[in-house]
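There are two complexes below, and they share chain A, which is joined by chain B in the first and by chain C in the second.
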Partner chain A sequence: MGYYLSVLTFTSITVVAITSIYVITGLAGLFSLGQAAFMAVGAYTSGILITRLSMPFLPAVVFGIAAGMLAAFLVGIPTLKLRRDYIALVTFGFGEAIIAILNNTANVTGGAMGLVGITPYTTTPVAVGIAVLAVVLARNFKYSRFGRQCIAVKNDEVAAASMGVNVAGIKMMAFLFGSALTALAGTLYASYTTYVEPGLFVWTLSAEWIIIVFFGGVNSLTGAVVAAVLLGTLPEILRATAEWRIAIYSVLVLLIINFRPSGIFGEYELPLWRSIARRFRRAG
Partner chain B sequence: MQGERNAASTPPVGDALAPGAGVGPGSGPSVGLGPSVGLGPGPGSGPEGVVLRAEGLDKHFGGVYAVRNLTMQVEQGHTVSLIGPNGAGKTTVFNLLSGVNPPDAGRIVLAGEEISGMPQHQIARAGIGRTFQNIRLFPGLDVAENVMLSLDARNRYHWYDGLLRLPAFHREDRASRDQLQEYLAAVALEKYAHSKPAELSYGYQRRVELARALAARPRVLLLDEPAAGLNPGEVEEFIELLERLKGDYNLTILIIEHRMQVVMRMSSHVYVMNFGALIAEGTPEQIQNDPAVVSAYIGDAHA
Partner chain C sequence: MYFLQQILNGLSLGAVYSLIAVGFALVFNILKFSNFSQGGLITVCAYIGFMITRTFGLGLGATLALTALAGGVIALLVERVAFRRLRRKNSPLIYYFVSSITMGILLENLITIYFSSNFYAFPRFFARSTVRFGPFFMATTDLAMLGISLSSLLILMIVLYRTTFGTAIRALSMDMNAARLMGINVNFAIAGTFFLVGVFAGLGGVFLGINYTLYPQLGKLIVKGFVASVVGGLGNILGAVVGAILLGLLEVILVGVPGIGSGLSPVVVFVILLVFLIVRPQGIAGIIVKEKV
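Let's look at the complex of A and B:
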């Protein structure tokens, strides 16, 4: 039982992280190969506040999210103006730099040895509840003017700007909102495992997340969530080693690219998620 | 943020288009600054009716002067045509006016406000609306969402209103959806609200693009070859649609068009470009008989 609850908790944390990638990559079309570093920022900030200052969970989570957004803002200013293919490279560099900083500030972070003794505040219901909340927020974002502007900018920046969309502004908003969710996943993680080390958050994790989102369908939040649950749970159930995970993901990438480039769900969304929009349309 | 131009609740034939909206003390300085092109003697050509004015625009790409010392203006409520052979620089003029490219020299004044040098999205919000020569709809959004996007630029609810679906979100989103129905009806595409642009015929895609530009409630609407690719019957239909919309929404239009049918029927004033520069301007009748225009078109496929 405990084992299944643990899988459920880890999967919920993955869902939060995947939701953040859906916003950044699926909606805004930005590829961040350093996104896992923002999970590290959330995890370390909350972890340090809890262990060193005995801060309660909720404020620690809030500070963790704020730190993640601050880091995203600083990374985003020089990065988001770049061409899309460069964004992936530069976020990769920033991500690895953040990991290097965590490694080299051992007096605060514990360095490569990791940060230990974080209070285990993250219970399974907390993790599941926050995962549901993250998905609802992402859905609301998608069907707001901001979500439409993200998709328009992903499709055609010149046309979007001609319709009055602030291209740089909406990219920054998507990056900040997404990174807030990534950092939130980090705070949950730290207070679940009670232990974090920099090596957990390197670029391969960012790449895994992007693969999961593409597997589900980069234009479908439903697909992203389903893929997160499937691919987050499967390796745990199979008790696959890290090497096997990489092998599984590589095969998935090949299958998707060759047989279903738009992902399992394409652009499909569960009707439930659009119900409010529909109701307004009927009224209109 | 977008000034007090439009309240979400007002009907679409908006305040911005009210008679005299283009008149402002700011439009004063432009009077007399354009000696290089004589103002046409046509009706309503007084400077007080000028809503858009470009002066001395230059743009070059590498060694090619796409636009050279171009001065032109558009009066409130008029339809003005910009014609010329392929490669004359017409689309580049639109790109300068709408801020896609900044001009190398010259200035652009919209309703008394200098817009040259402003970021593209602010120019759009200031009142320049446009369509593209090659239709540029958003393939990831359905027809309704494509049009919604233009309405969105005017909405003012904040990110937290959207994320948490607070009352401001519901209020403005609902108002936008009501207006959306009207714009879809204006181009007779209500049935296709939930289709993706790629599922529509070329002519329908043109109409979606028109609805999207209309929904932004521009002071001046720039149409880049809107009738290209339509068959003669569709062109007739298109002219009728455009004339109707012009009346309903009190539009001011600058149109690039090769079809003389459209130019002659619709415009009160015509500018003719070749090799980046203006070579003639006047009423459609004057232009038709202008020797410089005739010679520019000789050998051109669109003559």
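Let's look at the complex of A and C:
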């Protein structure tokens, strides 16, 4: 039973992280190859506050999210006004810089040995609850004015700008919102495993998240969440193939990109969500 | 004296970075997307070079030549699998991004599976480890890297600016459709460009493998190429070379600064990169790439 609960908890944390990638990549069309580093920022900020200052869980999570958003703001300011390539290239550098900082500040972060002894506040219900909350938030964001502006910007920046969309502004909003979710996933992770180390947050993790989002369908939140649950849980169950896991996903995504670029779910969203959205729109 | 010595070391490091940056700039120049598969390609090439020296006991020159050839062939495969179909269907840029990221992860994973996460090291290629020029010393491998990198860059420039094939590549980078209408075989020219990219990945991979130890995540050093390209101006090949040399010099200087050392130098480089982007986003070369309407 304990094993299944732990799988459920890890899957929930993955769902939060994937939701953040859905917002950044799926909605705004930005590629962040250092998103795992924002998870590290959240995890370490909350972890340090809990271990060194014995702060309770909730304020530590808030500070973790705030630190993640601050980092995203600093990275976003020079890059989001430019072509999309810049954010991908610069976030990659950000990831390397964060890992270098973590490795070289051993007296605060534990360095390469990792930060140990974080109080295990994250229980399974907390993780599942926050995952549901994150998905609902992302769904509301998608159907809001800002979400539609994001999609317009993703499809054609110039056309969106000529329709009066503040392109750099809406990209910044999506990047901040997404990074807040990533940092939240980090705080949950730190307080579940009670241990974090810099090697967990390398760029390949960011790339795997992007691969998972495209597996489900880059235009479908439902697809992203289903892919997160499926691809996040399967390796736990199929231990024997763990080594080949990423290679198999990569081949599948290459096939999908070539033959069904909209992903498995295409534009599909759960009908329940759409009807709720319609009700909201009528009310508003 | 110490300063001049450091400049010499920085130049040789920068020359290796420029091999990475040029491979990246070549693809960006033509297809207008950031090719993240290059990191995986460099990793694969580093291991191929290692296998070649270990099985055949060849010297540096022969190893480089064979690895460059192998890199070129793999790059052709990458182009065929990851980008050819996207190009034919006129897919939006984000699919090129995903395809290249996925390809890079796939290559890196295949290396991890085959070699596991062990560390390997290249054998020593030269009997004498340093060469002396008057008051200066230089590691023989560093000198070889500097010489080979600079001459291969020179050859690339000659190919780009003095041959029909180079003219075709430059025409493609300006306007693919117009180039096609002028009778340029687009598929052939793009495949040729990827072959060049693979050759540079082969050279860069072996040099990085010699400089650092061999491990499956070696490809993350592609970040040096990214920084160099952003500083030089995205897609500008000469700018990428200049950016890479500057980065090499900066890193060598930073290692000597107390309190920074090699550990924190990525942080300083990153901060400088952010400031540089605010001040001069178009890069040294001064061409700002906007998406065409």
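Everything below uses one rule, namely that the second predicted complex is superposed on the first by the 273 of 284 C-alpha atoms of A that agree within 3 Å, B and C clash if a C-alpha of one lies under 4 Å from a C-alpha of the other, contacts with A are read in each partner's own complex, and residues count from 1 in each chain.
The rule is short, and it goes like this: a residue touches a chain if its C-beta (ideal position, glycine included) is under 8 Å from a C-beta of that chain, and two chains touch if they have at least 3 such contacts.
A quick note: this is a predicted structure, and the numbers were derived from the prediction, not measured.
K.L.:
Based on the superposed arrangement, let me know which partner A:2 touches: chain B (first), chain C (second), both, or neither?
P.N.:
Neither partner.
K.L.:
Who touches more of chain A, chain B or chain C?
P.N.:
C
K.L.:
Quick one: is A:257 in contact with chain B, with chain C, with both, or with neither? Answer first, second, both or neither.
P.N.:
The answer is second: A:257 touches chain C but not chain B.
K.L.:
Which of the two partners, first being chain B and second being chain C, lies in contact with A:244: first, second, both, or neither?
P.N.:
A:244: touches chain C, not chain B.
K.L.:
For A:158, select first, second, both or neither according to whether it touches chain B, chain C, the two together, or no partner.
P.N.:
both
K.L.:
Just to be sure I read the superposition right, which of the two partners does A:144 touch: chain B = first, chain C = second, or both, or neither?
P.N.:
Touch status of A:144: first partner only.
K.L.:
Report for A:77: first if it touches chain B alone, second if chain C alone, otherwise both or neither.
P.N.:
Touch status of A:77: second partner only.
K.L.:
In the overlaid three-chain picture, which partner chain does A:204 touch, first (chain B) or second (chain C), both, or neither?
P.N.:
The answer is second: A:204 touches chain C but not chain B.
K.L.:
Chain A residues touched by both chain B and chain C?
P.N.:
In the superposed arrangement, which is not itself an observed complex, chain A uses residues 154-155, 158 for both chain B and chain C.
K.L.:
In their shared complex, at which residues does chain C touch chain A?
P.N.:
28, 33-34, 36, 81-82, 85-86, 89, 91-95, 97-99, 101-106, 108-110, 112-113, 217, 220, 222-223, 226-227, 229-230, 234, 263-267, 269-271, 273-274, 277-278, 281, 288-291, 293
K.L.:
Quick one: which bits of chain B touch chain A in the complex? Just the residue numbers, please.
P.N.:
So the residues of chain B touching chain A come out as 98-100, 119-121, 124-125, 129-130, 132, 136-141, 144-145, 148-150, 152-155, 157, 159, 162-165, 169-170, 173-174, 177-178, 180-181, 193, 212, 216.
K.L.:
Spell out the residues on chain A that touch chain B in their complex, using ranges where they run on.
P.N.:
137, 140-141, 144-149, 151-152, 154-156, 158-167, 173, 177, 219, 267, 276, 280-281, 283-284
K.L.:
Touching chain C in the complex: which residues of chain A?
P.N.:
Within the complex, chain A contacts chain C at residues 25, 29, 31, 33, 74-75, 77-79, 81-86, 88-90, 92-94, 96-97, 99-101, 103-104, 154-155, 157-158, 202-204, 207-208, 210-211, 214, 218, 243-244, 246-247, 250-251, 253-254, 257-258, 261.
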